[in-house]
Structures are given as structure tokens and as C-alpha cells.
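Taking it in order: structure first as C-alpha cells, then the write-up.
When the chains are written out, they are named A, B and C in that same order, and each has its own residue count from 1.
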Amino acid sequence: MKLHHVIEAQQFDLATLSRLFEVTQRMEQVVAQGGVGDFQNRVMAALFYEPSTRTRFSFEAAMQRLGGRVISTENASEFSSVAKGETLEDTIRIMNGYADVIVLRHHEMGAARRAAAVSRVPIINAGDGPGQHPTQALLDLYTIRKEIGAIDGLKIAMVGDLAQGRTVRSLAYLLSRYQGVKMYFVAPPLLRMKDDILNHLRERGVEFVEEPTMEAVLPEADVVYQTRIQRERFGDRLADYEKCRGIYVLTQESLRRMRSGAIIMHPLPRLDEISMEVDADPRAAYFRQAQNGLYVRMALLTLLLDGTTHPRQY
Amino acid sequence: MKLHHVIEAQQFDLATLSRLFEVTQRMEQVVAQGGVGDFQNRVMAALFYEPSTRTRFSFEAAMQRLGGRVISTENASEFSSVAKGETLEDTIRIMNGYADVIVLRHHEMGAARRAAAVSRVPIINAGDGPGQHPTQALLDLYTIRKEIGAIDGLKIAMVGDLAQGRTVRSLAYLLSRYQGVKMYFVAPPLLRMKDDILNHLRERGVEFVEEPTMEAVLPEADVVYQTRIQRERFGDRLADYEKCRGIYVLTQESLRRMRSGAIIMHPLPRLDEISMEVDADPRAAYFRQAQNGLYVRMALLTLLLDGTTHPRQY
Amino acid sequence: MKLHHVIEAQQFDLATLSRLFEVTQRMEQVVAQGGVGDFQNRVMAALFYEPSTRTRFSFEAAMQRLGGRVISTENASEFSSVAKGETLEDTIRIMNGYADVIVLRHHEMGAARRAAAVSRVPIINAGDGPGQHPTQALLDLYTIRKEIGAIDGLKIAMVGDLAQGRTVRSLAYLLSRYQGVKMYFVAPPLLRMKDDILNHLRERGVEFVEEPTMEAVLPEADVVYQTRIQRERFGDRLADYEKCRGIYVLTQESLRRMRSGAIIMHPLPRLDEISMEVDADPRAAYFRQAQNGLYVRMALLTLLLDGTTHPRQY
């Protein structure tokens, strides 16, 4: 059960998730009390081959609130790798000499796995192209557990672009590990949840329905997980795009249909798929969800670094 | 008198300025003694939508000398905001989950005020376009107080581009709060101090004169505040530009005309409006002035963070 | 023997090198034990006028493992200097107000020396254009001493581009300070070691030979120092380039010819001049060499900062 690398959402079984969420809960207290110095002089490298300021900030704040240190780049492509032809593997081997843990953001699917194959220090996948972004899925799950109280028996509606969103795909996968979860997939035909996930849910015996509109679903769901519909997916069928966007806007009217104990989640950034007027409602959980990212990442760093000595010598 | 945000120079009354300068003075001692650990595990976010390395470095060094931590970006425009259409307000709300204080540099006037309106943690305005840059005005004032001994009764000459320089405009405004200050505005007609400030000074009964050249003013002034004349303001009237620049160069000859206890200030960077030969004179205060920026920013961070617990929970 | 600035390899005499390597060895232990807090609240400025992520990371990790703090930029050119015409000297003077030590990377030869001339805090040259990169030469020397046990009596083969590589030029120079060193220069005619170094070696009575191929040299050398041959040096004579590259590839066959106690070094990044299959051999020292950079830089920072108080007041 010792964590070595964080590469993909699927690697987390129920026991590891449960342990992770325990530590995450402890991190909330730690931060409220002003942080700890457990990782004084431990160094985290944020190695971002493409900018993702929010994800980087969340990891860097997490490491620093643990008392640790950060070295950081958002243009690792100007690093030797691309500029002079160095392989990702060599870059990782060199970083092993400087850092105790490496947070990797890369544009190529599978990059995190390749990095982990040669790294003596833990790799955390902070997104590898169309591949995985496991810490987002973990913070989503933690948010549900914290806000709703339990995951078993959950009724969740996922709304918007279910075809390409890494977030909803990983979340659906992780939720399938729990008991009695029911999922409502609300998406236009072009953006419906893909068959690999649906088949996986059928195999696990997870109940799900596909719905073209939100209205019937809102009174049922404990969680309404809203996503951004991306214009670029529609090519020049702009009318279709505008129509999809129009259907899936959460407003005060939507709040009236929702259960009093339900919550709205969103991976952010949001455009107008959630009206500003919704923000003031206590069920608007999306900014709390982003803040949970800090605690989950603190917990992951703790699980990865605890009991290790560094930097690992060649 | 508790500071919540630092948005504009005008928000500082005499009592707050006096308190700020007391703390700033203490900060000079703290740094000389190797810093303090008061803000261990507190996180400052430097959120710069445009690069301003010097201002960023000054804030980051200030936070770190207080024992605090920093997360930082100089290309926040590649952040979700611009790239995906997120509002500044949402970005600030998310940063509230990571950081205990946010230093914001933005290209749009009013951005700092908009950020403060939604932020649960303090916002410090590090320049918002043609708007405000209040910490520069505060460090200018602190420098005068430290070098000259008092601000009441001060005679100050402001030289160069008085029309567009945020620095001299804010400084004139703040100085109007003190007693018996006399101002000499030395500028070419195109770049003279604008009427909004002149009217404000008249209302406050502050004595001022406008002078086309420096020579008559130099023997009078306690402070000669030199600024850079920016070529782009002159369009294709290049001869006019060269003439203005030519008049307003401080040299050893200028030093001979100045009083022995007077000082030269400059917001920096300088081009050739102050000759290199002037640097060696003890009255050349501009590099000390830049260093005071460190202490003033340490003091502001202390006033903003003291007694708070963080991060503020949603 | 007190170090004030680190500008060029030549400034290090045998006594200083010996002291530096003692401290470096201590740093290896310090890191293995989790670092120290000696430089709590001391601030290092990484002032990079061109990106060099690896060098920057190495310095930043070094400072942080000493308990120190870092302020950092990789685009110092967008700083006032270039953008508004500020001189390097003024920038350094301002940084003196914020930082306790400045690591400078610059595109112009001689920049580090100019910076040191006006700086009240130590300057470390992290590469100034075609000029010097002294910390690379120091970590090379430390690696030889650590891996081989002694430098006196060393037999070293330098392979590849000996004409332009700062690394091999500085290393040859430093090695000439030691007794009984023999050098083999293996390079195509276009890329042979330049006469200034060869003449220096003759003056010092250092034994060297020039060889067109590696094969005869491999069984002799204690150290095979491989370098990357840069295509751009060959212009459109692409056939020549391919031929040079072809000759100088280290493979398992090369390992069979090498002595059992010998090592392979490389400044990295490597392309295909060392086959991946070589990595697993214990004589492949190049990743250990990169890691030694961390320890050497920690030692330099320690020697520069020990006993100073900061920031130096104007």
C-alpha cells in the first residue's frame, strides 16, 4: 500500500483512497493551524512542459505548506529536451539528482509512465496530454465524500462534454469502485460518454442512464457535476454549439429544482455554464472543490515522501 | 486602522502612514539581524499578468525574509483567464484557496479593486495599468522621511515627465497630507503635471510652482525627484524629445548647485537623465530608495497578515 | 582565501580547490541527512538573461537544501535592462538591495566580471555567453577526484568537440594545476583543441597527445570525457558531420576496451554519442556527475555566504 508514483486514477483501490482521504482530512487541520515543517529542506521539482498555472500553484502551495521547497519551470520545453534533443528519460534522471519528488506536466500521453520507469524519486502526473490527470479525479472524489458524507449510494449527474473531459471520465471510473452509485450522463449526442467507460460500468454492474436534458435529472442528483462545453469540438457547426451551451446553463431556476442537500461541482474554469448568481448559494461547491485540491496534494506528497531519505544517490 | 487590502495611495491617511513607517523601520533591523520566521508556511501568490521582474523580486524577497513562502507567475495571462475566458474574479476566488495574500499586477486599470471586491485574503496592487502602483509611492515617502528626517516643511522638485508618471502623481497626492510642503514641478509644457493634481493641491492649500528649467530650483530643494522622459510620448517630434532630455540631466554640475543635505531620488530604471558620475555622491539616494522598497513591502505584508489565520475557508 | 565572487575557472588555485572539495564532501553528508538550515532567510537571486533550466534548478536546489530562499527569473531580458535601456550595472545594484548572493547567466562574454565590479554581494557566474561557466568545470574536477580518488597522475581522454566546448577547455586548464596529468585530445581536425590551451599546457609541462580516433586511447584512460558534436559547426558539410559523430560513439564495445576502474563523463545533454546500453554500466558516471553539481554549488554558496551579514546596506 506504499505509494511510489501517482500515474493514473485507476491505480487507486478503495483501501488506498480511504487512507488518502484520512490524510487529506488531517491536512485540512494542519493548514488551519498554520502548516507544518515536516518536509523542511525536501525539494519538489515542478517540471511543466506546458503552462498550467493553477495546477502548478496548487502543487507548489501544497509542498510549501508542508514546510518543503520548490524548484519550478513552466517552459520545460526550452529545457535541453526539446531544444537540444535530450530524451525525457535523461531529463528525469538528472532531476533525480536535485529533487525528492517530481511533478510532471507533459503534452504527450504516457509521459508520466515513461518518467516513472526510470525515476528513483516519486513522479506525480499533473496531466499528460489527452491521457490522465489523476489528482483532479482524487480531489473530486474527496469533495463528494466531504460534502455529501459518503460515496456509497451516491446519485451523480455529469453534464456537458462527457466525451473528451478527462475529469468526468476518470471520476466515473473511480466511482465504479463504490457501492450503489447511480450516474446520469447529460450530454448532447456528439459529446456523450464514450463506450469504453459505459462498458466498464456495465461490467461492474453500475447503474447509469443517459439523458439529453438536465431538467428531469436535477431533482434526483446529490451531485450535479457541470463541465465546460468546448467550442472547438463543434467545428463550423456553430449553431449546434450555441444550442448545447444554451441547454446546460445552471441558474437560480436550476437551484430551485435541486435537492437542498445537493451540491454543484465544476473542474473550472467556468464560462457561462454556471451563472454568477449561483455562486452565493451554499450548494455551489466548485471553489471549495478547488481548495480541496490543495489538501489532497498535500496528502499525496505526504504519502510519497514519508519515510524516504533524499535525494536518492546514484 | 486594520489594513485589509492595498489598492491605491489615497487610502493611506496620516495615522496609517505613521504606523506603516514604524513597522518599516523595525523591518530594517529585522533584515540586518538575519530575518524572522513569523510567517513560516504562510503563502504569498505573486500573480503578474505582465512581467515586472523588479517589483516581483522586491515582493518575493520581502515575503521570504519574513519566513514566508511564495508561489509566482509572470505570465498569468496564459492562465485560464485569457486562454479559456475565465474572469479575474474567478481566478482570485481560486487563488483564495491556495494563498494567504495575493500580489496582483495587471494591465487594466481598476483590476486590483475588482480583485479585492471578491477576495477573502488581502490583495496588494502591484500596478494596474495606467492606474495605481501604491507601494512605489509609499517607499518614496518612506525614503524622504528616512533621508531628510521629516516630511512636514519639505521642499521637493519633481523633474521630467510629470504628466504620465504614476509615481510623481501619487507622491504629490500623498505629500499633500503633510504640513508646509512646497513643490516645484519642472517639466516641458507637453509633460507638465495635470490639472486634477494641481487642483487638488490648490484645494488643500499646498504651495507649488511650475518651472521650465531645473537651474533655479536645485539650490532650493531638499529632494530632487528625477524621472525618465519617455520617447514614445513625443511621437515623431524627435527634436523636442532630445531637447527635453538635454535640459533635465543631473550631473556633477547639478550636485554643486544642490544643498549639502539634499538628496536625488529616481523610481528607476534610469537612462542618461542622471549621469553615472553622480552615483558616487552620498546625496544619490536612488539605490537606497529601491532597497527601501523591500522594507516597506515587508511592513505591508506584516500589517496585512498579522493576526489572520489562513487560508480562509469557504 | 576568502571567496568573494565566482567568475572564472582560472581564479581557483590548488588550495582553494582543495578547500572547496572538502566542503563539497561535507555537503554530500548534509544532504543525505536531510539538509541544514544554515541560511534561513538568506536570499539567492537567480538572474538568468537566457533560459538554462538545468543550471538554474541545480543552483536553486542547492540554496534551498541549505535552508535558504530563492527569487528567480529566466527572462531577465524582459527586465528593465533590455526593455527600457537600464545597464546591467544598475540592475545588479538594485538586486543588491534584495538578495544576499546573485547567480548570473548572461549572453555576453564578460558580463559576470562587469557585475562583480559593482556588486556588494557575491556574484556567481552561471555562464556568460562564449565566456566562462566555472561551476561546470569545478563539478567535473570534483567528480574525477571522487570517482578516481586523486587527480595527480590522471590519464584523461577528451572526445568530440574540443574547439568550442567551454567545458573541456576549462577542465584542461584546471587539470594543468595538478601533477603528472596526461591528456588525450580526440577530435576531428575541424574541432581540435585550440592553440591557446595547447600552448598553456606546453608552458606548464603537461603531457598531451592529439588522436584522430578513440580506439587506441580507450585502454589507457582513467576518464573518458565525451562531448556532444554540434551539427551547426559544420555548416552544409553534413557528410563530415555525420562521419565525426559516427566515429565517436561510446558503446558496449567501447566499455570492453576501457579499464575496469575507468569512468565515462559527459556534461549532458547527450544525444547518441553515448548509447543507452552504456547507462547500466557502473563506469557510466555522467548522471552522478550532474548530481555532484548540486553538492559543489552548495559548497560554493556556503563559502560565499559564511560569515557575511545581509543584505549589504548602501
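Everything below uses one rule, namely that a contact is a pair of C-beta atoms (placed from the backbone, for glycine too) under 8 Å apart; a residue touches a chain by one contact, two chains touch by 3 or more.
Since the model is a prediction, treat every value here as computed from it, not as a measurement.
S.K.: Counting shared numbers against all numbers at the contact of chain A and chain B, is it over half, same, or under half, different?
M.R.: different
S.K.: Only C-alpha atoms count here: how many degrees separate chain B from chain C in terms of the superposing rotation, rounded to the nearest 5?
M.R.: 120
S.K.: In whole angstrom, what separates the CA-based centres of chain A and chain B?
M.R.: For chain A versus chain B, the centre distance works out to 40 Å.
S.K.: Hey, what residues on chain C touch two or more of the other chains?
M.R.: Within chain C, no residue touches at least two other chains.
S.K.: Give every residue of chain B touching chain C within the complex, in rising order.
M.R.: The touching residues are 31-32, 34-37, 51, 53-54, 56-58, 60-61, 64-65, 67, 70, 74, 228, 268-271, 287-288, 290-291, 293-294.
S.K.: Using the touch rule from the top, collect the residues of chain A that touch chain C in their complex.
M.R.: 40-43, 45, 69-71, 73, 75-76, 78-81, 84-86, 90, 93-99, 309-311, 313-314
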